[in-house]
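Presented below are the structures under discussion, each in the form of structure tokens.
Here come two complexes built around chain A, the first alongside chain B, the second alongside chain C.
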Partner chain A sequence: MTAVLERRKALRRKDRGRRRVAALMLAPAVIHLVWWIGIPVVSTFVLAFLQYDIFAGTAEWVGFDNFARIFSDDVWNASIWHTLVYTFFTVPVAMVIAAVVAVLLNVKMRARAWYRAAFFLPHVTATVAIALVWMWMFEPRIGLFNALLEMVGVTGPAWLADPDWAMTSVIVVSIWKGIGVKMLIYLAALQSIPHELYEAADLDGASGPRKFFSITLPLLKPATFFVFVVSMIDAFQVFDQVYILTPDGGPANSTTVMTYEIYQAAFGRFDISTASAQSVVLFGFLMVLTVISRRLTGKDDSHVSS
Partner chain B sequence: MSPLRTERSGRFLLHLVLGAGSLLMIVPFVWMLLSSVKNRADIAAYPPKILPTEWLWSNYPEAMGFAPFGTYFRNSLTIAVGHTALNLVVASMAGYALARIAFRGRTLIFFGVMTMMMIPTYTKIVPQYLIAKSVPFFGGNDWLGRGGTGWLDSWWALIIPGALTPFAIFLFRQFYLALPKELEEAARIDGMGEFGIFARVMTPLVKPAIATVALLTFEGSWNNFLWPLLVTTSDELRVVQVGLAAFQQAERTEWAYLMAGSALATLPMIVLFLFTQRYFVQGFATAGIK
Partner chain C sequence: MRTAAAAVLAVAVLASGCGGPAPSSGQGTGGEPQGEISLVTPIFEGSDGQRVLEEQLAAFRKQYPKVRVRPDYTNYAKLNEKLTTSMVSGRAYDVMLLGIGWVPPFAGRLLADLGMDRAELAKTYSPRAVDAGVHDGKVYALPVMLDMRFGIYRKDLFAAAGITAPPRTFAELRDHARRLTVRDASGKLQRAGMDVLSTDPRQVYETLLWAAGGDLFTPDGKVAFNSPNAVRGLELMTDLIRTDRALDIGFTKVGDTSIPIITDRAAMALGHNNLWLEIQAQRPELIAQDKIGTFVITDERPAMFQGGTLASMSASGKNKPAALALVKFLASADASLAASSQRGNVPAVRSLESSSYVKENAFVRFAMSNMDSAFSEGGVPGWLNIRNDFKAAIESALLGQKSPKEALDELAARAATQVSGR
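What follows is the complex of A and B.
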């Protein structure tokens, strides 16, 4: 009897020991996450409703005043429009190209790893450096693109310096950069489609296109939702290439995006309250878009990511 | 046509499309390398010459004379290695605890980590800056974090905030979860302590997770631009990406030097990627998140 009790006690002691180890192993991570993510996120939402003076250190509750003010700013409203245009063109185009490349790459063949590497390379290289290269190719007088255009008899625009073309140029760079990671997710999804499905279709005498439209495409739906949401969240937060390619919001403010306005408000003018209110609006956009796309594509996204 | 012929011409078409696409994708890299060794006349030539008339490798040391790229490089490397090491240690411990040890609140903490993975940068960056600025007793701050610059323009701000990613915790948890329970039980019967089981039995079995987290962390850190741009002002603390942007703003038309600088900033990642493709692919495919 006592022996059993002793054993139980020992077990409980061991359990307590394990829990203590777990707490110790988790502590650094939890502290870091609360410190650098938890508190900042909550602060953004609080600061959006305050009039906070970073120099005086004073704060005053102003309700929705900050939001009323930012929406009376034409440049901010334009930046929302630019962000929408940028996302609207960048995400679907890059997704279609990525899906096509992934389907083509999902065949065993020679040089496959090299093709995959070529499409993925833009993603692993620094945006700043690569944006400079595109800037050089977009150079209106001596750049590569206008020289190529002239060979076919077209006089190229001034690209990044032309208000009508600056956003297009930024979108082209972003599509090029965005194909790789989308392609990889599609490729992983394609490889997880069970082979038996195709074998069964073969037995039924299904043609290649029929298999593609009846098996491949429907089974890519969850991956498409996942890619769409992740790409949209990314696109809404585009900053590096916009900052480098078209400094100061671009010609005639034609490429200023929401993140650039937040950057300007917070770190150009040190107007923390305005920047926080703008960040909350950006967050709201992302929430709404995520919910809408979830509705549109059904709720079967849970098994893709893990 | 016989099935074999269709098969073969299909292959040919496949290689043609993928080959052309791949070439288009790497045009900017090729143009960067070619331009980086051109002389002034070649750069200004119109229409541009594809190959340089002379391969001016001296552009590289000259570009490094224009701006302290050596310092930028060392800074970027220090930060990337620091982030990688810290993320591996902290995230693997947390991932292990979440995967293998039962305790109250485990689900809640895991849910919190998942949520934080989805928080956009711009919902936290402004307060992050304010927090870095108001760390007590640093940079002339008082105990309430007022009066000075805190961690701004210091190694602390460059290394600590980026030292842990929720994604790394998530990835480690998934890998530790997949290990059989018998392993840790056997080690426990051998009288091994809980931390020993983690460090000496289980962690050697999740090497793919280690490689993936290490590479993604290194890549993210090396390519990061916004945070180092915000928190550094002095030239000695600039990282490659910020240094490159500053160099561009100062020398707008020195295209050969700019391309040499860009090549220096991108080549380490390109080489690393080509040698470790497998782990990159694995990492990006599991999450698709940077």
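What follows is the complex of A and C.
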């Protein structure tokens, strides 16, 4: 009996020791998360309901007034619309291109690694550098695109100065930049598809397209959902390429997006409360998208695993 | 709830304080300033700018050996970020170099009253430059250097077009621009008659607004930039592009490396005084052959845009004697000359008119001799709230989406609630 109790005590001591070690090892990450994410997130939510005077350092509770004000602002509403348009075009288009590129680069071919690296390169290149190069290509007078159009007798537009083309130009750059990482995820997913399935299909005499639509595409579904969620969140948070390609919201605010308006409110107008309310709205968008996508992904995961 | 909010704010302030500027160390004792002070500067950019400031601070240390200055370098695009974080963290910079429009919003809140006499300062500086640092009769900042925008033209292109003098009215300006515009057979613009796109659209519009006899705000702080006279300023910009086709949208833009007036792609422009340095670097023959001329944009009255950098000190600084000493030093003749020479700008100190730098720079000389026509933007506490909204409104008119009046009326409605400053 005594021996059993002693063993239990020893186990409890060991357990406590393990917990202490675990807590110690987790502490840096927890402190980091609380300090850099937890406190700012909570502060943002609180500030969204206050009228915070940055100069006087005073704060007054105003309830939903900040939200009412931002939604009566045409520029903010336009920025939501632009963000949706940007997301609607960049996410699916880049996903389709990435999937096609991944399938093409999954077959044995010469210099395959080089091609993969070439497609991935934009993702690891600084956005500022990319945007500057594209700015030159979009340059209406001496840029590449208008030079090519001129060769076929077409006068190209002022891509980044024309409100009809500015957002399109930003979307094109973003699609190009976003292909690499999506392709990488698709490549990993493709390589995890068992070869036996294709061998069985071959024995059954399935054609290439049939194999793609009946094996490859269904089994890429979990990866597709993952890419979709990550890309949506990324698209809603777009800032740098828009800011560099079309500074100050683009011609007549035609490319202003939610993140830019938040930045403007906080650092252009010193209006931290408005910026916080706008951030909460952006957070809401991302939360809804993530929950919807998570549910879809969850269902798909369970289907695959069963 | 208020307690909770205050607690969160306190934690946020504590958290953000990690990255803020250092607090001032110690009070000045007796008559001699001492201790450490922080300085934020948007004008000494790059290694050249840093070298100039370091030289100036070395000279300052000779005068005040017990004061140590910690400079924080930034540029105007990022200045507000620095100021916001410093204010939120409760650790404002002791000395701040700011733009002209910054003074009314910050006066008495972030900026300390320097306790100086405007009339006395006007003996040293141009009165218009002094006024840029004055709010409600108190001096909050001293001028260091000025950024002027005025008309620049190509004498050789004027002569080729048979034009003998720069324009004296808006009607003449449009007429000159039409005659100087060159398009090829397909209609593609080869040379703009008047370039109003290489300079910030807000600053161009403001210059034209003042020349048309308008004002941004009434003396009691109400929006006035949609008055009939003010609208004429934007109408001129719109007419040049949409009616006279003296310029195409996209032909050039702010920050373009190829500046049309220098590269023969524009015959007239509304430009910045530092273009002189660009001309010297890119095409010195234009100066040697006397092909560059200047004019003040005029219609109802002559008007030049006056921007600039002012030295101010924090209202909450803990070492005000040292901060005030640095403010005075940075606005002194030597420091003003050094800062201006580095950026091709106009020194604020009047005695520098006789300096070799001013004598050798025709644009700076022109600006200094026309200071009576200088107008500054801002003037109301809520200026920073609406300043960035001008660009989109102006562009919507230039693109034909709205008439100049509609664009300015909409902007005025949006601005009316904000100019009083919250």
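As a convention for this text, the second predicted complex is superposed on the first by the 273 of 306 C-alpha atoms of A that agree within 3 Å, B and C clash if a C-alpha of one lies under 4 Å from a C-alpha of the other, contacts with A are read in each partner's own complex, and residues count from 1 in each chain.
We adopt the following convention: a residue touches a chain if its C-beta (ideal position, glycine included) is under 8 Å from a C-beta of that chain, and two chains touch if they have at least 3 such contacts.
Worth saying up front: this structure is predicted, and the values here are computed from it rather than measured.
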{"item": "Clash or fit, chain B versus chain C on superposed chain A", "value": "clash"}
{"item": "Chain B versus chain C as contact partner of A:35, first or second or both or neither", "value": "both"}
{"item": "Greater residue coverage of chain A in the superposed arrangement, chain B or chain C", "value": "B"}
{"item": "Partner chain(s) touched by A:99 [first = chain B, second = chain C, both, neither]", "value": "neither"}
{"item": "Touching partner for A:43 - first (chain B), second (chain C), both, neither", "value": "both"}
{"item": "Touching partner for A:242 - first (chain B), second (chain C), both, neither", "value": "neither"}
{"item": "Chain B versus chain C as contact partner of A:220, first or second or both or neither", "value": "neither"}
{"item": "Chain B versus chain C as contact partner of A:172, first or second or both or neither", "value": "neither"}
{"item": "Which superposed partner A:283 touches (first chain B, second chain C, both, neither)", "value": "first"}
{"item": "First, second, both or neither for A:232, with chain B first and chain C second", "value": "neither"}
{"item": "Partner chain(s) touched by A:264 [first = chain B, second = chain C, both, neither]", "value": "second"}
{"item": "Stretch in clash, chain B with chain C, out of 42-50, 78-86, 114-122 or 132-140", "value": "132-140"}
{"item": "Interface residues of chain A shared between complexes with chain B and chain C", "value": "35, 39-40, 43, 47, 54, 57, 141, 266-267, 272"}
{"item": "Touch list for chain C against partner chain A, complex", "value": "1-2, 4-6, 8-9, 11-12, 15, 80-81, 83-84, 87-88, 90, 105-106, 109-110, 186, 188, 248-251, 253, 384-385, 387-389, 391-392, 395-396, 399, 401, 414, 422"}
{"item": "Chain A partner contacts - residues on chain B that touch it in the complex", "value": "11, 14-15, 17-19, 21-23, 25-26, 28-29, 31-32, 35, 43-48, 90-91, 93-94, 96-98, 101, 103, 109, 112-113, 116, 118-131, 146, 160-161, 163-164, 166, 169, 174, 193-195, 198, 219, 222-223, 225-226, 230, 240-242, 244-245, 248-249, 255, 258-259, 261-263, 265-266, 269-270, 273-274, 277, 280-281, 284-290"}
{"item": "Residue ranges of chain A touching chain C (in the complex, touch as defined)", "value": "35, 39-40, 42-43, 46-47, 49-57, 59, 61, 73-75, 140-141, 155, 157-163, 248-249, 251-253, 256, 264, 266-272"}
{"item": "Residues on chain A engaged by chain B in the complex (per definition of touch)", "value": "17-19, 21-23, 25-26, 28-30, 32-33, 35-41, 43-44, 47, 54, 57, 101, 104-105, 107, 109, 111, 113-130, 132-137, 139, 141-144, 147, 150-151, 176, 179, 181-182, 184-185, 187-188, 226-227, 230, 233-234, 236-237, 239-240, 243-244, 247, 258-259, 262-263, 266-267, 272, 275-276, 279-280, 282-283, 286, 305-306"}
